[in-house]
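The structure under discussion is supplied below as structure tokens; questions concerning it will follow.
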Amino acid sequence: MKGFRCGLVLVGLLVPVAASAAVASKASAASAIAAAQAEMKLAASMQDQWIATVAAMKDARLALKQGDFAAAETAAVHAKALASLSVEQAKAQRALWVNEAVH
Amino acid sequence: MAHQILVHAMSSGGSTTVEALIKHPMDSGFVKDKAGKIIPAHYIEVIEFTHKGKIVLTGYWGPAVSKNPFIKFSFKGGKSGDPIGISWVDNKGETAATSSNIM
Amino acid sequence: MKLALIVLASLWAAPLAQAASQPDPAADLQGFQGYFLKRFPKVPLAAYVNGPYNFSKSERDQWKQIIEFPPYAFAVADGKTLFDTKFANGKTYASCFPNGGIGIAQTYPMFDAKTGRVVPLGVAINRCRVANGAAKLSLTTGKLADIEAYMTSTSDGKPIDVVVPHDPRALAAYQAGKEYFYSRRGQLNFSCASCHVQAAGMHLRGDVLAPALGLTASFPLYRSSWGDVGTLVRRFIGCNKKVKAEPEAADSTAYRDLAYFMTYMNNGLPIAGPGARP
Amino acid sequence: MTEIEGLILSAPSRRTVLAAVAAGTAAGLMRPALSFAAAAAPRASSYPAKAFIQHSQDATLQAMFGTSSVTASADVKMDAPDIAENGAVVPVSFDANAPKVTAAAILALDNPFVMACAYKIPEGTSPAIASRIKLGKTTKVVSVVQSGGKLMSASKQVKVTLGGCG
């Protein structure tokens, strides 16, 4: 179980590298941030927001403010990927927690 | 409530045991606060214990004494009802004193 | 947006399916305490309130010296002063609680049928303040923790007696707390149970992990690493951060329910708060 | 890790303190502002400031006692943990079985400043004192006692680990 999770985390870290190859504009950065924000909202509603997600989002917003759209988009994509992972984790736990419960 | 001193003094078998807990931050001057600013050194330098006015112990403390310092010692003599005096002065010149009776 | 809604809907379906089997707090309690008693046969039930000190002699010896004159003594004293201080309207905290607030800490968290929510002692203290025209205090540390320390000290040794009434809302809150406790979260993928059930009594770096059984009994707690007294909620926030998850709000339903479940699991154990830990 | 036997279910002294605080009795919570018989503040001028800013045992002892010559002695007993549960609060005590003890000091050799605390011990006070000190990292802790003008000591290595669950 633990190994599976670690695998997911690694994938999450690789995603932004691929995304940064695309050409970024203010609009694309903003939409990446919006997409990440929606995913984060979902994660929070499932009581599983990762600290790294919030940090990546903060980086994205800061880069956007400074006009570095490529960096903003990269960070936002990273944030969304992390948020998705935590959502996956929370979804899985909805069923798996029972296995850890002491009866 | 800034400068409290808690004292237990108990006499038995011809000697008196004194225990005291002193409220003081004992800031070492090496620690930073949340904003990253060094918290200035603030610690008790001299503490004096008296029995019926006679000094029974003088402590010299540095910044390496724990926050809210504790001390325990004993001296010959002393009987129930005798006053035990405690006073201290710190590196900022603040002082506090209290008196308690032997139980 | 529509897609998100569908995803959400499908997510909610799972817990509904689980809720089909009725929560049975009394059976859980028996199983939970039995699990620890079987695993650590030398530790008597009541001793679990001393947490890690059942598992490390060195730590226990230091602790014994420290509680000889415990560092939380000032919090208890300050808490008493605050507790006895009148609000602007002339009333005191005593007016908000049964028995004037003395010797009642063991009954919290309490289910409030009016609001349908769980009310931990800290929240009850804040409610009392608001009802008497005072502002809320931080639920984690400072004055509220001091008041809690004093109130808890008046319950010293009393058996924990948390009630989950036959109210579907209370049972749902209990079940939500249980699910929170056992669900892994955060980037490190740990649940509360990972450390405090599965790894209980083992070392995590320099510290011994306290078993969940007895864990809530010594709160509020003076932790040397905090340098002051903090509440159970403060520990929840710290644990969430440790596993790289964003903490919930201090007065969130999640934390109230978690405290409800965890404290209920300690029913029958003596109150030993305030406590001292590294 | 297995559980250990001989548990203390409750701590009587803790109870005493709680009860005393709750009752506001002699065991005694005192506030300086309220206490009428408060003693005068001690004189800060007697503070051996120089001894508290040294980085070695020798320099510290020289500044504190005027000599750095010290003999390890079985007559000095020292109690300190093998592993500190938290470096911020480490209980350390000493007990000297020696005549005419006039002063004592506790040193932590790897702290930024070596001397943690020192005591002037008048006649009639027993040369046994317990206090709590901070240790920055794993270090040798030394209790030095001045007996008849001579220094004798006991020492112990205290391991300080990172608080794992801060």
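Details
Labels A, B, C and D are assigned to the chains in the order they are written; within every chain, residues are numbered from 1.
Going forward, a residue touches a chain if its C-beta (ideal position, glycine included) is under 8 Å from a C-beta of that chain, and two chains touch if they have at least 3 such contacts.
Bear in mind that the values here come from a model prediction, so they are computed numbers and not experimental data.
Which two chains touch most often is answered by the contact tally, and the pair is B-D.
Centre-to-centre, using mean CA coordinates, subunit C is 35 Å away from subunit D. Distance between chain centres (mean CA atoms), subunit B to subunit D: 12 Å.
The mean-CA centres of subunit A and subunit C are about 31 angstrom from one another, to the nearest whole unit. Among the residues of subunit B, those touching two or more other chains are numbered 1, 4, 6, 8, 67, 70, 72. Multi-chain contact residues of subunit C, defined as those touching 2 or more other chains: 66, 68-69, 71, 73, 77, 227.
Residue positions of subunit D touching 2 or more other chains, listed in rising order: 17, 21, 29, 88-90, 130, 132. Working note: touching chain pairs come out as A-C, B-C, B-D, C-D.
Residues 17, 20-21, 26-32, 35-44, 46-49, 51-52, 88-90, 93, 108, 111-113, 115-122, 124-126, 128-136 of subunit D are the ones that touch subunit B when the two sit in their complex.
Looking at the complex, you find that subunit B touches subunit D at residues 1, 3-8, 15, 28, 30, 45-48, 50, 53, 55-67, 69-77, 83, 85-89, 93, 95-101, 103. Residues 4, 7-8, 11, 14-15, 18, 27-28, 31-32, 35, 178-180, 182-187, 189, 191, 193-194, 197-198, 241, 244-246, 248, 254 of subunit C are the ones that touch subunit A when the two sit in their complex. Every residue of subunit C that touches subunit B in the complex is listed here, in rising order: 66, 68-69, 71, 73-74, 77-78, 81, 227.
If you check the complex, the residues on subunit C that touch subunit D are 40, 42-44, 46-47, 50, 54-71, 73, 76-77, 80, 150, 153-154, 156-157, 201-209, 224-225, 227, 238, 242, 270, 272, 278.
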